[in-house]
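Next up: the structures, one after another.
In what comes next, chain A is part of two complexes: it sits with chain B in the first one and with chain C in the second one.
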Partner chain A sequence: MKNENSTSPEDTARNASTKTPVLSVSGVDITYYSGAVKFPAIRDISFEIGAGEAFGLVGESGSGKSTVAYAVMQYLASNGEIDSGDIAFSGANLMKMSRKELLGLRGLKISMVPQDPLTSLNPSHRVGDQVAEILKIHYKLNRDEAHKRAVAMLGQVHLPAPELTALKYPHQISGGQQQRVLIAMAFCTNPELLIMDEPTTGLDVTTQARILDLIREMKLKHKTAILYITHDLGVVKNLCDRVAIIYAGEIVEEGDVASLFKSPAHPYTQGLLKCIPKTYTHKTQKKLDAIEGFLPNLADLKPACIFAPRCTFAQEQCHQQAPSFIACGENRRTKCYFTEFDAPDDAEEYENLRASSPSKRVLVKADRLKKVYPTKRGDLRAVDDTSFECKRGEILGIVGESGCGKTTMARCIVGLEDVSDGEISYDGNKIGMVRKRSKEMRRKIQMVFQNPEATLNPQKTIEEIITRPLALYKIVPKAKRHQKAVELLETVNLTERYLSRYPHEISGGEKQRVGIARAFATEPELIILDEPISSLDVSVQAGILNLLIDLQRKHHIAYIFIGHNLSVIRHLCNRVMVVYVGRICEVGTPDDLFEPPYHPYTEALLSAIPVVEPNIEQKEIRLQGIMPNAIDPIPGCAFHTRCPRKIGDVCEKNAPAEVEVKPGHHIACHIPLEELAAVNPVFKYGRRYVF
Partner chain B sequence: MSKNDSTQSGFKETISGFLKNRLSKINFTANLIIGVVLLLGFVFIGIFAPYITPHDSEEMYYEHLKEMPSAEFLLGTDRYGRDILSRVMMGTRTTLLIASTSTLIALFLGIIFGATSAYFGGRTDNIMMRINDIFMSFPTLIFAMLVIGVLGPSMVNGIIAIGIIYAPRVTRVVRSQALNIVHMEYIDAAKVGGESSFYIIFREMLPNLWPTIIVEGSIRLGYAILLTAGLGYIGLGPPPPTPDWGLMAYSERTYMFETPWPVFAPCLAIVIAVIGVNLFGEGLKDILLAKGSRKKEAKV
Partner chain C sequence: MKDFIPFIIKRLGATAITLIAISMIIFGVCQLMPGDAVDMMLGGIALQSLGETTIDELRKELGLHLPVYQQYFNWAVGLLHGDLGTSYIMKAPIAPLVIDRLKTSLLLAFPASLMMIVFGLSLGILSAVKEKTWIDQGISFVSLSMLSVPAFLTGSLFIYIFSVKLNWIPAAFNALDMDGMGMFKILASYFGILLFPSLTLAFESIAYVNRQTRASMIEELKTNYVRTAVLKGVPPRDVVLHHALRNGLLPAITVIAFNIGQIIAGTVIIEVVFSYPGIGNLMIMALKFRDVPLIMATMIVISSAYVFANIAADILYTQLNPRIKYA
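Let's turn to the complex of A and B:
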């Protein structure tokens, strides 16, 4: 699969040079108006996409990447305007077309796959009818023909039993399947151009990997040009032929994927790549390089390099005049004065960043923990008879797909949910719901939440939020609370100025920092981190991860870190638990997990990680089917329905026992250990990686 | 926007912070402006009625019985020769007092029951809501008659009756909004932080409920005015001679075909007051509760 990719850029480059490109955007400026204020959201953007080419447009939130997509569809928000430039589709200027002409194009020649599958499908129509509707509009097919074609299309996107799936309503199928339906809708008219706006962002890595395979397959089959918009460099590397990096409304670098990832030229691209925790690094780790600073205020632009205020290489020149594009290599260009840097070879600066020497003493112990939610169809077993422990000063990671029960485990430990069976003990004492715990107990366990937008009360200032635990637990006398709040903010790298602000006045990353400061305010011994970085931009993620590591080393507290990104988990944790449908598949150190023997599920998760490093070979394992629901009892191994290495009846009948690979590394699988150990590693890398 | 002095929390600061945040961005719709003007007009008349009425509302001018509107009596006189305009103005006072006080009572009860029910959820919520349903299933006027029948007609009892009637409706609305908030992570954070239920309901949830409560209150006020008039009409409002719109319309209805203005004047006042309050409520709703604008517009 990766090999196909490496050949396609040349092919497409050849195609592109001989024919008119499918989409050509040249010199486009887009301005948003808000009252009297003008925001030049997009400035002088140009790119071309040829037939059969996948073009990635990568940027962080607020960079204007979705604006570009809507501009191409000629469907900008009502307060946005294209000031200058041309957008041409197969040579025809889209901006000069009438509404009627556009209606004929949209859905027929140009299709779009939106980000959120659940809100993009109409919940009260069957999915087959929704695909058929497009065919009826554009091809004037009658009901039966349209339905037949729709079913065939659903089959092409590998939906199981397309005839039956066509009759289902959107809520009856999984998120990944909904996304497949949307892809079927996009491809059913065999469009020349397909715009995809983060189509896999809400999906699990395993599902994402399969959707990307599907997009790649459909692209080859239909010779479609794809504009793929995302913030995820890993996805772009796996899917696209060419890529443009967009920052604050300007493309700062453009080139083919292989060479751009190998030798990023623009400091912003380099920064983005350094922000991402490495999938494959040996034994030790390096602190991530976060990009300092914020996106510039677009209402107040200066004639300078847009990235200069955040650039570590910025010179006098950069602040004086904006650079224009400079070619750097074949088919590559970048907007930077200095394309050759003496990039410091930081490969030598590895240091062990994981929690400093966790103690042997067990802090939290879950013993045969069970949590069931009664539903109309029966009990949903969110956590199914699992036992685990977390030692003092340790960072324990919990990974798994969404819906596997990892958040429920965390909520049981902090006492937001009552356990159905089994018990949780803290320092040897049994603990229950948070209301029934002693005040001292409550102080010791804190939590950092997933969604930065919901984690702070919008009607309270940051000072009220941070001083509240100080007052509740009388951490410091009243007179010193303000001082302490300032100190806490400083530990999360925020300043005193933030105290008087309201949550809506600060960014998502800053909100998450305040959430961390609040958790640390009570001087706890254990903090549960429930996917604290998954909804943040990569450059912000790196900063938060570094902060968490620093704080952990300083205070020697324990973390239970919940995530779905194995690279992040590997970067941070001492020990990792892989969870599937409420049961534990594998426990071990991150290094144990990344090397054989693997639990088949771990192996599949690893192979689904979109890696950004060049020179890495990744084994391709795709999980078929969907996670079984936790209502119907699953006899035997929970993973047997999707396991690519199922050995037979024993998997369906008996639950596997945990096998000890070595002290601290356990795998629950029926496959003999020797066989598990004999597989090839998921990652193989040739030379030492470059950046 | 700078907020340097918001060190203490509290209702006042919350509201002022809220207004400060949004006042500059408010889109003053025609609804809101008309509503505010009408409402302020009625409040002004209500407060200063005794000083600004052209005549004494209870003075009977025997030489001016059942007179057409004239320069001296702008809306004419009733069968006892009393000035109708003055009586309508005095009636504003009674009506607004009953309607607004009872609305406040309804809001007070509704906030407590609604927020508590949503916060505790599960069986508590179920029981509280079923009781709520029982109260809501009575037609308002019949329920009011029941309460006043038990307590006896008087202004205070009228207020209590209307307050009790509308409390379950407010409870419903507050609860539905509180249900959205109770699953927010900051509520979980407060629980993990060890806050008491009382603190979470009234200090964490309530500040976020104010927009809903304010809008609901202004809409509820319109209904309360109607119900006040209705009670007055069937004779369960404040007893005569207190001027009351409903009672005025009732007592003059026998002569309606002869002299319509004594009936129409209070009715017109009711209509204008209710329209004013509803426009005001709608305007507030657009500002406080609008989820995104009606047009697709990018945020910048």
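Let's turn to the complex of A and C:
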């Protein structure tokens, strides 16, 4: 395989027998250099992908999964170097290719779909031209022909009105559509290998489900080999044939998706799967198992199992010598000394997860709340006449796609936005914007923000950040502030030594913990959590979720938790509101939401969740089109433009009234309750399986 | 695109207001100068020998007895009709004279602008592509030097080397007679002569454009869409010119437009240094002789050129950037 670069890569590809894998990565080591320090980011990675096979490479941030992708593309950062190993495409060694050979290969035989579709498209070129460019370069097509084929390709990825879309600029189409354009670009030359680097991260679940359908369809149609890179195990389970789990630059386990998800062998894989809230967690009522500890420092590697410091099963030998791969079933291997573990039932059970039941007293109440942003084209109704309440000690979840108004609701409650109409009352008293509130009022409502990176002042130490609210609200006298700060850090499982650090010196999960500690510093009664875990790795997410539950039980605080992940919401909340274009579709307990009757939108959201549990059948409902713009007036039900169960004119003309299913469970839909209740549940559980 | 026409109209409206403001400032400043036109025309000594009545008549003739706002109004109406008034010293209508001199100045400013755009952009792109190599550092060094040395010094150096020492070009243009020659012929025969003044004029601007282009291109070359282009198999040259430059050009255009204005304003100094018979030299002469109508005329022409260079850039900018919101 090594000396084949004498023939051109195309010939090699053509002559290659069907048995040659499309991509073969063997024993690759990649090192990044930062000054004099060496970071062996990738160590001894090997895998193969055959034609028509989708291979998932799953890892958390910092695992080096993207580095592998760019190494295959021969596009590493200038301080990165492939030290050893081979990367062969259809038998031809990519590492020995000249720039010219690579130029002919990239975009033609090997394509890539990057993360973050908006920034990956050229903002100054029409999307049609960006697709046509590939055809012009690789097939030497003239302008008209290339354009024609580009439009046809845009149609194939199900973009609406491809002729018109082709003439648009990237900023004029939605995120899901941008990703479709990138997928069209990748498939338009019918490549043999397609590399996808988190192509659905940042998209809504409903959009993600449709993009995954599209990838699956294109894969079948074009027999493409796919290297799919992601942190999302659910997505891999839904899309891939085989999967490798990568941790800190090493593959720790590899196997068929079906068998790996059924019986994960490596402790890290098991840990990852345990971290994810299940669609039926309420049945088990267990605490999530977070993976304790951190990624090892790659600049200072020890000859031991890379995962040993965080492994609950680690033995003496794990710390002495690194294990090598052992087979564990057909086509499966794991880098661990053991294949069987006495799984101690260490998952601490809550007496009753939601037993810290809210009191009957209403804490905050929104009455016919409206928030309108005036724009040039008309008023944008971000929150459109919604009423809801949150009781003392309750965890209220708000879910919906991005742009549905859930964050605006939260901002109105905290007082960062002025309401346009309606009112918000707290403990029975009307409250206005933050500057009109009393200091005492401000103390009672705190907020934890979505992006921990951006919400901590980079110039202040953690101590300054945490003691600031203590001083502002005179929670404790000056002499005791340090002591109080230490206590607060301890409640979020951080230690005193963090006090003197600056935000850039700690990890994302730790920053979010500091954000939570800061919110708790004022001893509030209500904390608004705006997607506090969505930017964090799954193993970190679990820890934060556990922490939030613990703190809530201890202090009996009310939370309003904004999220888009229904599994997380189900795990955490007492009550959930499903929101669509500023209006409430359904309110109820999480259990109510997961069983029929469903609002058709709730049903679609549930069916879009990429579930990781084996033995679950999931109904496939896909929402077409995009969320209507809240600027244009929407008569009738806001969801009628995309509703798969629309019953007729009544949906377009009249706004549906809320129907009570049972006390506390309301659905706003024209479809009669009996019909809504008659549908099959989205999830059909086979044998209950607990990892 | 449908918003484009109203956008242009709005911009032109704003430009009109700017020009009115400028004309007021120019008129006002000239009013503040000690003495009036008659004093200047006649000079201090002659004034005494003439009778007060003659002077008053002269004032009346020139419209100087009118209230200031009336004078401004008459002048402004004249401007709109292309009448820039009459020069006291030349005793001739100013408009043809200024237009003539403007042409000669543009003969200097145009190649200077061209040099700024060509050298500024290409050196900037080269620097960005070769970031942190000796080529980049060399270009940075040269452009920093270009920024730091004032134009009159560069000009004088050029004259010293190429006129005095090497004797390649004449040191002054006063002797040259450009009357009756077509623009093209002038351009052809005086290429050598124009080269150094326009190069001097362009020097500082080349450096500015180069710095801006370098900075924005380095930024663009790091973006995700450039990565997409590379991984699409786009040849490196097209990645730079077709993908990155299209976006990297936007900030550069603002700087170019600003510098076209600077070049126009810079002609005043360069023309004096090279004794070049352009509008800048005309203005200096007018100032020397306190020829108020001529001062105002040259000032308003130079300012208008500056304003129009900027509006042209604004419009070009919106055309190149599809993301711009017309406002």
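Methods note: the second predicted complex is superposed on the first by the 659 of 691 C-alpha atoms of A that agree within 3 Å, B and C clash if a C-alpha of one lies under 4 Å from a C-alpha of the other, contacts with A are read in each partner's own complex, and residues count from 1 in each chain.
To be clear about the criterion, a contact is a pair of C-beta atoms (placed from the backbone, for glycine too) under 8 Å apart; a residue touches a chain by one contact, two chains touch by 3 or more.
Everything numeric in this text was worked out from a predicted model, so none of it was measured.
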Chain C versus chain B on the shared chain A, clash or fit after superposition: fit
Chain B versus chain C as contact partner of A:H171, first or second or both or neither: second
Which of chain B and chain C A:E463 touches, first, second, both or neither: first
Contacts of A:F325 with chain B and chain C, given as first, second, both or neither: neither
Chain B versus chain C as contact partner of A:F313, first or second or both or neither: neither
Touching partner for A:G80 - first (chain B), second (chain C), both, neither: first
When both partners are placed on the shared chain, which of chain B and chain C touches more of chain A: B
Inter-chain angle, chain B to chain C through the CA centre of chain A, in degrees rounded to a multiple of 10: 30
Partner chain(s) touched by A:F39 [first = chain B, second = chain C, both, neither]: first
Which of chain B and chain C A:Y502 touches, first, second, both or neither: first
Which superposed partner A:F338 touches (first chain B, second chain C, both, neither): neither
Chain B versus chain C as contact partner of A:I445, first or second or both or neither: first
Shortest CA-CA distance between chain B and chain C [superposed frame, angstrom]: 5
Contact footprint of chain A on chain C as seen in their complex: 223-225, 227-235, 243, 246-247, 320-323
Interface residues, chain B side, partner chain A - complex: 1-4, 6-7, 9, 14, 17-18, 21, 184-186, 188-195, 197, 204, 207-208, 295-298, 300
Residue ranges of chain A touching chain C (in the complex, touch as defined): 73, 75, 103-108, 111-112, 114, 116, 119-125, 133-134, 137-138, 169, 171, 182, 185
Residues of chain A that touch chain B when the two form their complex: 32, 34, 37, 39, 41, 67, 76-80, 298, 414-416, 434-435, 437, 439, 442-443, 445-447, 449-451, 454-461, 463-464, 468-469, 472-473, 500-502, 504-505, 515, 518, 522
